[in-house]
Amino acid sequence: MMQLYLKYAAIILKGRMQDKASFFFGILGQALASLSSFFAVYFIFYRFKTVKGFSFSEVLLCFSLSLISFSFAECFARGFDRFAVFISDGTFDRMLVRPRNTVFQVAASTMEFSRIGRFIEAAIVFIYALSTCGISFSAGRIAALAMMFAGSCALFSGMFVLYAALCFFTLEGLEFINIFTDGAREFGEYPLAVYGKRVLKFCTFVIPYALVQYYPFLYVTGRSSRAWYILLPLAGIVFLLPCYVFWRFGLRHYVSTGS
Amino acid sequence: MIDAEHISKTFKIARRDAGFGKAVGALFKRDYTYIHALDDVSFSIPDGEIVGYIGPNGAGKSSTIKILCGILVPDSGTCLINGHVPWKERREHVKKIGVVFGQRSQLWWDVPVADSFELLKEIYAVDYAAYKKNMQDLTELLDLGDFLQLPVRSLSLGQRMRCEIAAALLHNPDILFLDEPTIGLDAVSKIAVRSFIKTLNKERHTTVLLTTHDMNDIEALARRIILIGKGHILMDTTFPDFISRADAAFKQNKGCAADRGDDNRLETLTASLYTEFGI
Amino acid sequence: MKYWCFFKIRFTTSLQYRAAALAGIVTQFAWGSLLILLFRAFYESNPAAFPLPFASLTSYIWLQQAFLTLLAPWAYNTEIMDSIQNGTIAYELCRPTDLYTMWFVKNTAERCAKVCLRGLPILIVAGFLPAPYGFSLPSGGINFFLFILSLLLGHMVVVALNMLLFITAFYTTSTQGSRILFNNVAEFLFGGVVPLPFFPPAVLAVLNFLPFSAIQNTPFLLYTGYYPAGSAVKNMCIQIFWIVILITAGHRWLKKSFRKITVMGG
């Protein structure tokens, strides 16, 4: 399966590199996007210095982790973000005629290598944040960071699959999912508590953003000593299950009603 | 063996009317129309037969093909293709069929054709020896040698269509569905495609279901014709019988026999048959 | 006049997508709300750190959300660039219309239609929110009038910039890279990632030499009464300056690009 995925990647990469200028612009564009996000945080902190007790470096840690996980998830899940196009131009029908799992085909269909720019960018900020945040890293805290990464990746991927599954039912009016994908990335740059109690509650009980980002982060920064917070990001991985189930449900609906 | 029995399918479409006033009205209320795409469609196609599936636009041809491919589930009726129910055993079923959609490409646009073929080989898990032999045969029969290394983007329509057909046959399917394969092709390419399909059918015994508006395709290839109109199967017969029925319809309509020398004779005859059936 | 016809057709078509409009309203409302909650948290930590009072900032943000489709650099339809890539533009060239004007009109019509569908409802709902979170009324009649004018000018600047991007499609085989670059750079420079007033003054001074700050920053600050009367007019003149430059350059460049057309494929 992995081998096949790599073959897909090779053919897409080869296609992209046909237009070298475009390929380069894309990477540059994505890198600049990450840079812009960084400057946004920097400019705001330039004036305000702290927010809800979190320092600039601490927020940078949160910021870079959100960006790293999102770019990583996007590498694999970008096809789901473009799924509306696949349905409307018949590409998905073509996938149905091939003897491979549809989720796999959608994931393998689109890889945006330009996103590497974002990933590297975020990684650099992450390393910088690690070195300036003044946190002493125990094994537990490192584990928490790793879990946050895994959980966030899973959660973002799940949201992408959810969006694509909705495309089986309608192609219109799905823009609001943007709040949960790009929005989660943008607003996830800051520890979720800054948005107030209600948002935090929503992100704890409805879509587990707080479980992969906020609570483990409290543990990492020493604001909480509850070690079981390290395990909370598992909720992100568990979240994938209902998303996949919904995808299967949507697929059944799609083949019954036609395009 | 393709076995379709009493297939029916209805679609629900939201209406979009033209004009500024209607557009604002649509903001508040939606109307739906029901399209009965297929109504009690049944036919049986034995192995190795080439069937021409014809009918006017909107008759239900694409819906039928989709159901036979397994990407659309009918509202009622059954279908068995070589022992599989297409929409229930999708992956098993599609391994054994090849599909060519005339209007849409299944090849990767910016890379050489050969690369697309390689990836398809992996997707269909064709073993290397079989793939090599297949490639040789297909390259020779379809005369692909000159442009296998060119990106699909830069091919002419005729070249592209030949590659599409090759791509659909890489995994040696028992059944080939062709949806408008010669549309937009020049005369030379059309003849090449037709002779290829004939050879394929003779040598590999591939069953072919051909949907087309070009009656010359049908004349060259199909021994059997199924005519569908407004979702109903109106005729399921041999090609000679189809022609004589069409002749009769023409005579009735125009009061004289169709001109044998007319280039568009087949089209004219088919058109009169459509008129007679009211489709 | 035929351009009015094009405008009407595009406008009407864009109106039909009501579900999309509703989704857009919800999305943008949520986005605006989250942004305001974020800034509230910052203001709490250090109330005096920022030149704009919180109530003005919230109006700025609601204006930004409401007029997103009118002013955002990335809110264009890729149809035109695609038509250059796949050769459909041949049809356009056979018509007796000025291509630049027609594209301009198309872009404008679509953006305007979407704003009508989404923008007004957002402002209305935001108007009902409790102050200072909500959308407050303009600071004076003259400012409001100047705001409307400036809004239209800003819109023309962004469409002219889009035109330049479209023309690059003549020179590349794939538009993806240039679109990504443009979208991301423009988004940041026009104040879409973080509102321009947050930029350090030194950076802003440099930024003001580019057309991006003339798109939404000028009209929105006009609305909040941030500019004293004199500088308001000055800023609007800068907008007009950019409109003239960008449209002239774009028009000339498009003419030159015709000679470079390669229509691909068979």
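Order of writing sets the chain letters: A, B and C. Residues in each chain are counted from 1.
One rule holds for everything that comes next: a residue touches a chain if its C-beta (ideal position, glycine included) is under 8 Å from a C-beta of that chain, and two chains touch if they have at least 3 such contacts.
Every value quoted in this text rests on a predicted model; they were computed, and no experiment measured them.
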Centroid comparison with subunit B (C-alpha atoms), farthest chain: C
Most centrally placed chain - per-chain CA mean versus overall CA mean: A
Geometric centre distance via CA averages, subunit C-subunit B, whole Å: 46
Averaged-CA centre spacing for the pair subunit B and subunit A, given as whole angstrom: 41
Geometric centre distance via CA averages, subunit C-subunit A, whole Å: 27
Multi-partner residues of subunit A (each touching 2 or more other chains): 16, 18
Residues of subunit B touching at least two other chains: 110
Multi-chain contact residues (two or more partners), subunit C: 174
In the complex, subunit B residues that touch subunit A: 9, 11-12, 37, 63, 66, 69-73, 87, 90-92, 94-95, 97, 99, 101, 104, 106, 108-111, 115-116, 118-119, 122-125, 151
Touch list for subunit A against partner subunit C, complex: 16, 18-19, 21-30, 32-33, 36-37, 39-40, 43-44, 46-52, 114, 170, 172-176, 178-179, 183, 187, 190, 194-196, 199
Residue numbers on subunit A that touch subunit B, as the complex places them: 3-4, 7-8, 11-12, 14-16, 18, 89-90, 93-94, 96-101, 255-258
Complex interface listing, subunit C residues touching subunit A: 17, 19-20, 22-24, 26-27, 30-31, 34, 37-38, 40-46, 49-50, 172-178, 180-185, 187-188, 193-194, 198-200, 203
